Amino acid sequence: MTTRRLRLGMVGGGEGAFIGAVHRIAARLDDQYQLVAGAFSSRAEVAARSGAALHIEPARCYATWQSMAEREAAREDGIDVVAIVTPNHLHVPVARTFLAQGIHVICDKPLGLTLDEGRALADDIARSGCRFVLTHNYSALPMVREARTRVANGELGEIRSVEVEYLQGWLNERVELTDNKQASWRADPALAGAGAAGDIATHAWQLAAFVSGMLPEALRGELLTRVAGRQIDDEVFAEMRYASGARGRLWASQVATGYENDLRLRIVGTRASLAFRQQQPNELTILPHDAPASVVTRNGQGISAEVALACRTPAGHPEGYLEGFAQIYREAAQLIRGEAMPLLPGIADGIAGMQFIARLRQSSEQEGAWVAWA
Amino acid sequence: MTTRRLRLGMVGGGEGAFIGAVHRIAARLDDQYQLVAGAFSSRAEVAARSGAALHIEPARCYATWQSMAEREAAREDGIDVVAIVTPNHLHVPVARTFLAQGIHVICDKPLGLTLDEGRALADDIARSGCRFVLTHNYSALPMVREARTRVANGELGEIRSVEVEYLQGWLNERVELTDNKQASWRADPALAGAGAAGDIATHAWQLAAFVSGMLPEALRGELLTRVAGRQIDDEVFAEMRYASGARGRLWASQVATGYENDLRLRIVGTRASLAFRQQQPNELTILPHDAPASVVTRNGQGISAEVALACRTPAGHPEGYLEGFAQIYREAAQLIRGEAMPLLPGIADGIAGMQFIARLRQSSEQEGAWVAWA
Amino acid sequence: MTTRRLRLGMVGGGEGAFIGAVHRIAARLDDQYQLVAGAFSSRAEVAARSGAALHIEPARCYATWQSMAEREAAREDGIDVVAIVTPNHLHVPVARTFLAQGIHVICDKPLGLTLDEGRALADDIARSGCRFVLTHNYSALPMVREARTRVANGELGEIRSVEVEYLQGWLNERVELTDNKQASWRADPALAGAGAAGDIATHAWQLAAFVSGMLPEALRGELLTRVAGRQIDDEVFAEMRYASGARGRLWASQVATGYENDLRLRIVGTRASLAFRQQQPNELTILPHDAPASVVTRNGQGISAEVALACRTPAGHPEGYLEGFAQIYREAAQLIRGEAMPLLPGIADGIAGMQFIARLRQSSEQEGAWVAWA
Amino acid sequence: MTTRRLRLGMVGGGEGAFIGAVHRIAARLDDQYQLVAGAFSSRAEVAARSGAALHIEPARCYATWQSMAEREAAREDGIDVVAIVTPNHLHVPVARTFLAQGIHVICDKPLGLTLDEGRALADDIARSGCRFVLTHNYSALPMVREARTRVANGELGEIRSVEVEYLQGWLNERVELTDNKQASWRADPALAGAGAAGDIATHAWQLAAFVSGMLPEALRGELLTRVAGRQIDDEVFAEMRYASGARGRLWASQVATGYENDLRLRIVGTRASLAFRQQQPNELTILPHDAPASVVTRNGQGISAEVALACRTPAGHPEGYLEGFAQIYREAAQLIRGEAMPLLPGIADGIAGMQFIARLRQSSEQEGAWVAWA
């Protein structure tokens, strides 16, 4: 039996937006959604033009997300799910509004501005009976899933160290003063909440937790602003201690000159280590204690059966960023249709991200002292 | 002004097909098409089930491509363009049938079975006034385009050598005897025409010609069948001489044990060389005579402006096989809408591929003697 | 005019020793030394057999380093310089004894067991008028020198971060309980002083300081023993703050499963970053803000003139560990003959290493608190 | 019992020579030789100055190699072995002269100028009872030995293809017209015999034969001169057919712009393939049919026992070009002392190299026709 496509709405993502376009491609890739409504911009003209370009009928191009939630909920053919791709400060308010109307939510990361806000949202989700998916897309890459499976299977033995870094260089200068739309809201604390900490360190944090299966007992570190005049953090260092005795380190920077989008994860275990680099997403390196290193490839020899399901192309036909993102959408559709999708990032990941930023700020304000995670 | 989506039909690509699914993703990715009709399989039940899974209305799920062409042409809302994703022997017959109805064609490679067939098709295309696009997808990868631009700009100086190889290992055993659908038709000369020569060597050939801007004066080489009992070539070696004095070599194998889909191109020039590897599609290595090697990245520093247009994500957010394929579809839509798209592969590339196979067979039958290209 | 070879003696390095053999190869490589005397082992039979294998005349194979120092000093053709390749606890006592006889010293790292010991040695060196070289061999690799030159020239702009790591996995189990000679003394605190901290973290520390040109204002971190039952640290994490505001991190582990000898250095500057990996010692990657990454090669295009002097072979003919070590010996010969050799590691590096261990221990004992460097 | 060092003489290798210095380092590295005599240059002053710099006593610095052979043979402490590091045209005459005096020979490659010359030398060697070693140094690299062992053990199954290439760019312009000593004799047919064919293609040829264990039945190809005005070949393409049905290709170029010394070998077998690159000599990649690719490292996990003997340093401590060369010298010493050293390249490799050039010339003169190897 054929299932119908889910009806998708979008808040944010008007002309010139980056992540809105990514969400739309991700939603289209596996053909599980049709985009039928949107509040694409707070500027009416932009919203209309964006909607038209996206083939949305004018009646479903809304001036505000509030009216969109209300009117879509009232339609028989109203949206099943909304994608929230606004700046961070709106994530939670928009999500709560749609949840209140019984509409599922797929939300860009980070969850929002504060831990309290995240907890309030968690309550709403629980009450709503709706699904909430947070697009920590990197955790949906097949070789990240493969890494997780191998850790979980015990192939690495006990974990000694978790080492994650996420390096970008694009905020190396104050591009937020130019007309770079991506940079300008990200550098505004009122809209972004946090800088590198929210934008990329939460990805690194979630990735480390996802693959290692662990959250720490304690955390320390600092938030730094490296570019003079900038109003927000652009680099983050953190250190973690886990209950098992394992150690962790995280480095996230948007001022790492010359780096593009270099998210790397290494896990050292007592029996083997592993290394993953997002910029080569079709490979996972396994370093055993007693055998040569091997390079496991997406859909290649030796890959776990469940991971192969997250692939669209045979080995050697590279998948990348968009396919990882699409995997989130594919699984979100399955979730909304009632399947259990335990690997999908959701509210717990979002709260963990907010908690990470909060704890790191505490530590940073205390000269890098250790703070308990809980 | 918003342009409507093109109405797309598909011939082939029913349940279990590989390349049909790729074409559909490619068509969806940039949202320029809607799939509205299909003759997905010669088996009625499969055709119906496939159409339903793809949300095609039953009336437009056709039992034969002949009836599809006729009836779609008769509809006011009939398809604008058909994607042909059948085994090779049907490419030309199907294409001619749709062209005869004034329907544009996007056809999988290789063009067909013979050079004569290709030339007849060329005539039909010319008569039809329709557009014909051949999905030599690798030539649409941004870093391949970058390579081409740099050759054309003279950055490499004069070309000395063109070195291309395309290595796969998946036909290392007679998987065509198993229920591997991909292998079984590819190993049948009646359906495929040629083996490795058609399936992958034509890609390598087209890539070399696309980037270097050259076709050879003469050619030699051999077609080999390495796996005992196989009915078709599974490995190809060729050598080329160009009018300029440049040399070329091509190696394509589907029995290169352990290789996945390793298409590589190197061009040596008098001032610089370049190297590209499909499995790392976001990078292009430039080796100048008098400076260190540099690694140019997709959408990164130093990339040509026109190439940046073929990217969907910022540098460091890997694009891959599907995005390259989608670029063909994106540009095909522009072509169909009336733009000149000089980089799109079409009938000339298809004929060159057929000619390459024909010349190589001639040479192979003459102990590898040189044969004129023309 | 031809200079005679320097007469070299050796303390330690008898049969089965690793680093002694390395020193001897290093001394031979550029033919500036002849090994003429030794106290190769505290076990007389081993000493004699080792000396014979090395073509040392029996009269100059000494039972103790004390007698060696005394009698070599008394000979007209006595040694010019002694190489100390014993376990760490003997470095300083042996060095002081030879310095007291006016004999130059080339000493393996780390300097010794304690900071006090190091300072006492510094006084002795100053009094002796002799030269003291510490074999931090990695800082003599051509591409490390190239990295230093580029930092010094300002090519990176101001330094933001220094990231160094040194990962080995060979002590992943308690190999010190087997007959592994290398492991057994290294795991004995009385002989080694420190474990990973002394054996490899001092290399990483020196490398970071050498290339960046900076020592920190403050330091924090911890020494860990990861393998149960082990008597010494086998992993080290440290963090550094520099007066300029730059940050640093160091990770050294001998229990990083599957890693061989993976010493890596990255420096992020405001205008460019650089990356070096000891296991690919013929390459240095430069990542500029506004141009593609380039890979500078040893003796290749764009290398600094002074660095080319540290190469023995043309570009593309790999040099490695032994050549780097030999560079220390080559420059030590020049130093002993009276040239200024500012890049050679010596007593200051040794003391810095002892200070690093001491500060790290302090911090480690205080839950990782920041401690002043000075 | 200690064996004495072998007494080594050298012909060629005076001031400014490249390969002479390499041979001397190689001879010193493992301390099996002492250089005691030489005819370093045909120019008396250069010879004397070179000898002095090398600490050779003046009486053993000879004006001609003829006098050196005669007088060293007459001394009780005369040289055991001579290293020939002259331009190619002198290799055979010098070797024959020393062999006639009962002196062993270590000779740089290629063997000489012609196949006939090589065969005559073979007769002399047989008559002399002396040892003759040809420094095809790349075949002594540990990971090349590892590759050979794995082929011989059947790990690859039957060989399908042998693919070797050796790319340099340093003769991209007519540097032979400058004062580049290396280029000037190499570009002179009277001194070099062949250009790229002799200088580097013979290395590639020998490497392929060494690892694969096969010589072809037939051969075709061409010698090219790419740089206008040059008097000698600077690029070579060849193709091979083996009795087993296996195919081979060889590409050697000294005008491959931007390449340094890029010797690569790939062998495709029915069960696995392997890949080796000289510029990363500490690694060997194995690509099995049914498991992920693995990267075997020098002295690392999974290395063959006999190969470990060819290593001087632990895994992760890179060895390179000089160590490979030294391995030839180490094994030559063992050979001279009476051990069987079956892996050492010698006269058979030299003759094969001459034969390769002769056959390739034949083919090249016949438009690339196939010529029988025998």
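Order of writing sets the chain letters: A, B, C and D. Residues in each chain are counted from 1.
The criterion applied here is as follows: a residue touches a chain if its C-beta (ideal position, glycine included) is under 8 Å from a C-beta of that chain, and two chains touch if they have at least 3 such contacts.
In this text the structure is predicted, and so the values were computed from the model without any measurement.
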More contacts between chains, C-D or B-C: C-D
Remotest chain, subunit A as reference, centres from CA atoms: D
Distance between chain centroids, defined by C-alpha means - subunit B, subunit C (Å): 55
Subunit B and subunit D: spacing of chain centres that average the CA atoms, whole Å: 43
Length of the line joining the C-alpha centres of subunit C and subunit D, rounded to whole Å: 34
Shared-contact residues (touching 2 or more other chains) in subunit D: 259, 286, 288, 293, 297, 300
Touch list for subunit B against partner subunit C, complex: 286, 288, 290-297, 300-302
Residues of subunit D defined as touching subunit B within the complex: 156-157, 160-161, 163, 169, 172-173, 220, 224, 226, 235, 237, 239, 247, 249, 251, 253, 255-259, 268-273, 286-289, 293, 367-368, 370
Subunit C to subunit D touching residues, read off their complex: 2, 4-5, 18, 21-22, 24-25, 28-31, 52-55, 168, 170, 259-262, 278-282, 297, 300, 312-323
